[in-house]
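Note that the chains take the letters A, B, C and D in the order they are written out, and that residue 1 is the start of every chain.
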Amino acid sequence: MSDDGKQATMPASMNGAHPDAAMRSLPDNLAVKCPKCRELLLGKDWERNLKVCPKCGHHAQLTAQERIDLLIDEESDFEQIDRDLVSNDPLKFVSLSGTDRSKLDGLADSTGLKESVVVGSGIIDGLPVMLVIMDFRFLGGSMGAVVGEKITHAIEIATYERIPLLIATASGGARMQEGVIALMQMAKTSAALARMAEAGVPYIVLLTDPTTGGVTASFAMLGDVTIAEPGALVAFTGPRVIEQSMHIKLPKDVGYAEYLLAHGMIDGIVHRRALKATIARLLHLYDDAEKAMN
Amino acid sequence: MSDDGKQATMPASMNGAHPDAAMRSLPDNLAVKCPKCRELLLGKDWERNLKVCPKCGHHAQLTAQERIDLLIDEESDFEQIDRDLVSNDPLKFVSLSGTDRSKLDGLADSTGLKESVVVGSGIIDGLPVMLVIMDFRFLGGSMGAVVGEKITHAIEIATYERIPLLIATASGGARMQEGVIALMQMAKTSAALARMAEAGVPYIVLLTDPTTGGVTASFAMLGDVTIAEPGALVAFTGPRVIEQSMHIKLPKDVGYAEYLLAHGMIDGIVHRRALKATIARLLHLYDDAEKAMN
Amino acid sequence: MLAFDLDFEKRLADVDKRIQGLQKKGSKLKGDERVKLNEYQQELETLMREVYGNLTTWQTVQVARHPKRPYTSDFIDLMCENFFELRGDRRYGDDRAILGGLASLDGETVVILGNQKGRDTKERMECNFGMSHPEGYRKVLRLLRHAERFHLPVITLVDIPGASPGLEDEQRGIAQAIAENLMVMSALRTPIITVVIGEGGSGGALGISVADRILMLEHSIYTVASPEAAAAIMWRDSAYAASAAEAMKITAKDLKQLRLIEEIIPEPLGGAHQDKAEVAASVKSAILRHLAELRRKSTEDLLECRYQRYRDIGRSAIANLPVGALP
Amino acid sequence: MLAFDLDFEKRLADVDKRIQGLQKKGSKLKGDERVKLNEYQQELETLMREVYGNLTTWQTVQVARHPKRPYTSDFIDLMCENFFELRGDRRYGDDRAILGGLASLDGETVVILGNQKGRDTKERMECNFGMSHPEGYRKVLRLLRHAERFHLPVITLVDIPGASPGLEDEQRGIAQAIAENLMVMSALRTPIITVVIGEGGSGGALGISVADRILMLEHSIYTVASPEAAAAIMWRDSAYAASAAEAMKITAKDLKQLRLIEEIIPEPLGGAHQDKAEVAASVKSAILRHLAELRRKSTEDLLECRYQRYRDIGRSAIANLPVGALP
């Protein structure tokens, strides 16, 4: 993977995402602060730059919708499935910090989401792909029964239809409030991916900031090809937790995309502006292979 | 594998090797020096102790015949195959140090061997096993076309007959004098082992001192179960060569069996006195499994 | 001799001390003392039934973590014959926090493996307190493939606070190692039975426990995160561990009720550590029973059932789920 | 512009210098000078045919190791479109001495990988001078499995003095890593074509070159051990490297004669580095031709032919071999 941030440019022909259009969520003249270097930017510049800081290169989190708009062809529709699935609080979880039910309702209002993952099919550079896009805003992208079900369903459809699967991760891990049910979603999704691998249908992982815990230790690390956005935190145990529990000070890069690349865990780091073109290139390679088989 | 030197004792019931009988090659009152600690011993004590130094624990090299006698049941016969195969010097090798042909004849006289490996079937604790036993005395146990052919043949028979295979290695690697033909024996034997693995027939490796180079980088590292004798040098590049080429001083244990165990490359280290019992235990486990399948 | 070391066992320890005091006298015991001894013994049994019949979740956690609790090595010793340890991942190292190999279980060759915490300080250090490194999961992977090649059933014993959370573990890909095991176990072409013998914590436990059947010892726990970690994550304070444990439903009884496990294996009164031989016998007989059932299935059927076992998990926890809409 | 850097190319370099001297003058060239230039150019071509038509083995070694020789990265650039690098072994690291990934070869998606020596000092250090670590072989293993999963042909390009001979390599199991690749490649369910583009040294080369077809560039070498190492092993002195090279029969011509390789791909006069585009085109067309042949076989037939390819190696080197006695 040669598309690191330095050399990444998006070929005009593949610039189907039309990011300018996609990112229109902030008023143009609202000032935005880079979450990393605190640089002040105008909202329109921030969005034109795909929420990548022009000063420090920080790739800020995208919402699921922004990510979908960035990736799929402008003229194509995103066909969402399982949109209405919600948790019925299987453990009747007794929280010390208020009921989670009201929290969920609040989240649903503020994000327009019913869960931390959006799942559906779309077209990227003319090729169909099944998309699983996590949204960190919804309970830290945590995985409970609904997330596991939606992802498993997407994997099964992709396998059955022989359409490549792209999962963009962003998650703090399994959802504590659903206990072992949440934990088991790691196994459930991995089992579906085993069948997908057996069927020889491609699975691409895009790791975005942050991805930790049980999501990292399941489908996030099972891609046929795995790419990450620059600077994305991707770990099982995050560096802050390691520092606290081991009482040590870690090197600055531990747990970030560049560190994973150096340690053989991912194929490449791709600047957000090159993301669609990179994924499209990969999809075409697999598409050619699939055609050659028939 | 718990049979390290300290606790290893050979159960009387499995002491089928009758080492006293097996090792009768030296005059009883000849003095022998331990190759490692220089301790002086009487030939009969040396042999009674299976050529293991009672002082420092050094496991001296065994001849193929001694190894076979140590392992197979006393009442059983070793049925050797491919005994007469010899190299026809395929490269018409031009040596700077005299012709190799005369060297080979001399070796054949002094060792009673025609090549550096002895191959055949025998019985261990009542169970049939295909044995491939290397003998370091013959050109440093080096592997050329004959060795590759004999080992491949043994693997094929074991696979076909569904008899476990035991290879005892002792080799400096591929035989330079046969060039790429020798190198390719690594691939040839490994290809046969791939079919054996596919068929689910067990393959046990016993690493003995010394095993290096192309033998280590092929069948020696492909065992379903791999055990080593204490202190056996087992490496791709031997520690002396590393020290010379890298101009460094290595820790004392690098390249020896204990080092391999610590680094996850082998299952255990077994004292020569426990060797037959250990292998027998393993063979019975596989034999039970094979019976359960039918 | 019984052992009562936990804080909630104080009353039991008191009575036990009185019993031991009398028992020390041996044959010199007077008549009234003999009556007293009998009374104390009855009292102890009643108390034990009372306490152990109504353990809180947090007390269960303490029993599951009891330093005298039988470990994987104990179960292997007590249940199997001819254990042949298989070591190393053939990549990097041999993680002593995983103990596994070939063994004969009631005459049948199996691959048995489990988390090993280590009994004394030296052993605990060697075993990293039972917390596996990536090479531990890769050793498991190797053993799984070994089992598949020779059609050997796999028994896994879970007793891990969580995967090792160190720098080295991130470096060598602890997440990748666990994930790969989940995928491989879900499709391994041989029966897999998991027994949770102590604590089953987080992805670290899951990485050796994707199985056809999951059995739990009566006082073991299985949880999405250690109670301490969960409390810290949810409420920024690990002091609320007991509340987190309760809320997360981590006991064998909870998980049986949620239909996440197949069976609870009873422990001797007072916990597994009071009689290791007895608990090993119970575990062995449960394994053999389930194994016999699994053996009756074809491999394809086995794999389909295993897939559905996991496919179904959580579906009852979802509202608005369409029925029968799978492709 | 041609390059003549090797000791046996001194005469070529002299003539070339004269040619360049004249060419510098460009349009200012006088009539007699133009005649001279023509003469020199003819002389150079004659000399090159003479020298390169009769290279000794040791001279071939020098050409195979030429610092300007095209490397794996050059071949990928010149032969393929849409190269997508796949990195890392998912275990430990990403060995830069192996470069590989998905690519489009004449419209067909393949997995292409090879040894990468590195051109400048920095790159050479990063690539460990082309000598792979265990994680390099394990990256290859991952790419092989990837190819198998998606039914992609595998192209491997060999250019390695030998596997890395360091302490770390022993620690992480360089021998195991190579051995596993030999086994996996011998049974990989997709076509494999190897091209030796420079030097193929020892098990380090073999670990990426168990194939259905082995092609060699005209001036490449493939050897059981580097000539220096072989001389040191056999005669205790690496100064005899040239003699060892000669005796071991390591040139493409030798190995074709021994029927160990399928084809010799001609190089431009003066060696592959004189015209990288031309040599890449030759390699590409040879690969495509062999690939078309292999594509016609069923997978079972492909695997049986590959097995027999290796099964037969060395049998003609044996006296007293019984005929047709295999089980």
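As a working rule, a contact is a pair of C-beta atoms (placed from the backbone, for glycine too) under 8 Å apart; a residue touches a chain by one contact, two chains touch by 3 or more.
Fair warning: this is a prediction, and the values are worked out from it, not measured in the lab.
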By the touch criterion stated at the start, how many steps lie between chain B and chain C on the shortest route?
1
B-D or A-D - the one linked by more C-beta pairs in contact:
B-D
Distance from the mean Cα position of chain D to that of chain A, given in whole angstrom
41
Chain centres from averaged Cα atoms put chain A and chain B apart, in whole Å, by 52
So, what's the distance in Å between the C-alpha centres of chain D and chain B?
34
Scan chain A for residues touching two or more other chains and write them down.
197, 221, 263-265
Contacts with two or more other chains occur in chain C at residues 90-92, 172-173, 176, 180
Think of each chain as a node with edges to the chains it touches; is that a line, ring, star, complete or other?
other
Return all touching chain pairs.
A-C, A-D, B-C, B-D, C-D
Once bound in the complex, which stretches of chain C touch chain B?
82-94, 101-104, 107-109, 135, 139, 146, 149-152
Sort out for me which residues of chain C touch chain D in the complex.
90-92, 134, 138, 172-173, 176, 180
Of all residues in chain A, which touch chain C in the complex?
84-91, 93-97, 144-146, 148-149, 152-153, 156-157, 160-161, 172, 174-188, 190-195, 197-198, 213-214, 216-222, 235-237, 239, 241-242, 245-246, 248, 250, 254-255, 259, 263-265
Which residues, counting only chain A, touch chain D once they are in their complex?
1-2, 197, 200, 202, 221, 224-225, 261-268, 281-282, 284-286, 288-289, 292-293
Listed in rising order, chain D residues that touch chain B in their complex are 163, 165-167, 169-176, 178-180, 182-187, 202-203, 206-207, 210, 222-225, 230, 233-235, 240, 243-244, 246-250, 255, 258, 260, 306-307, 310-311, 313-321, 326-327
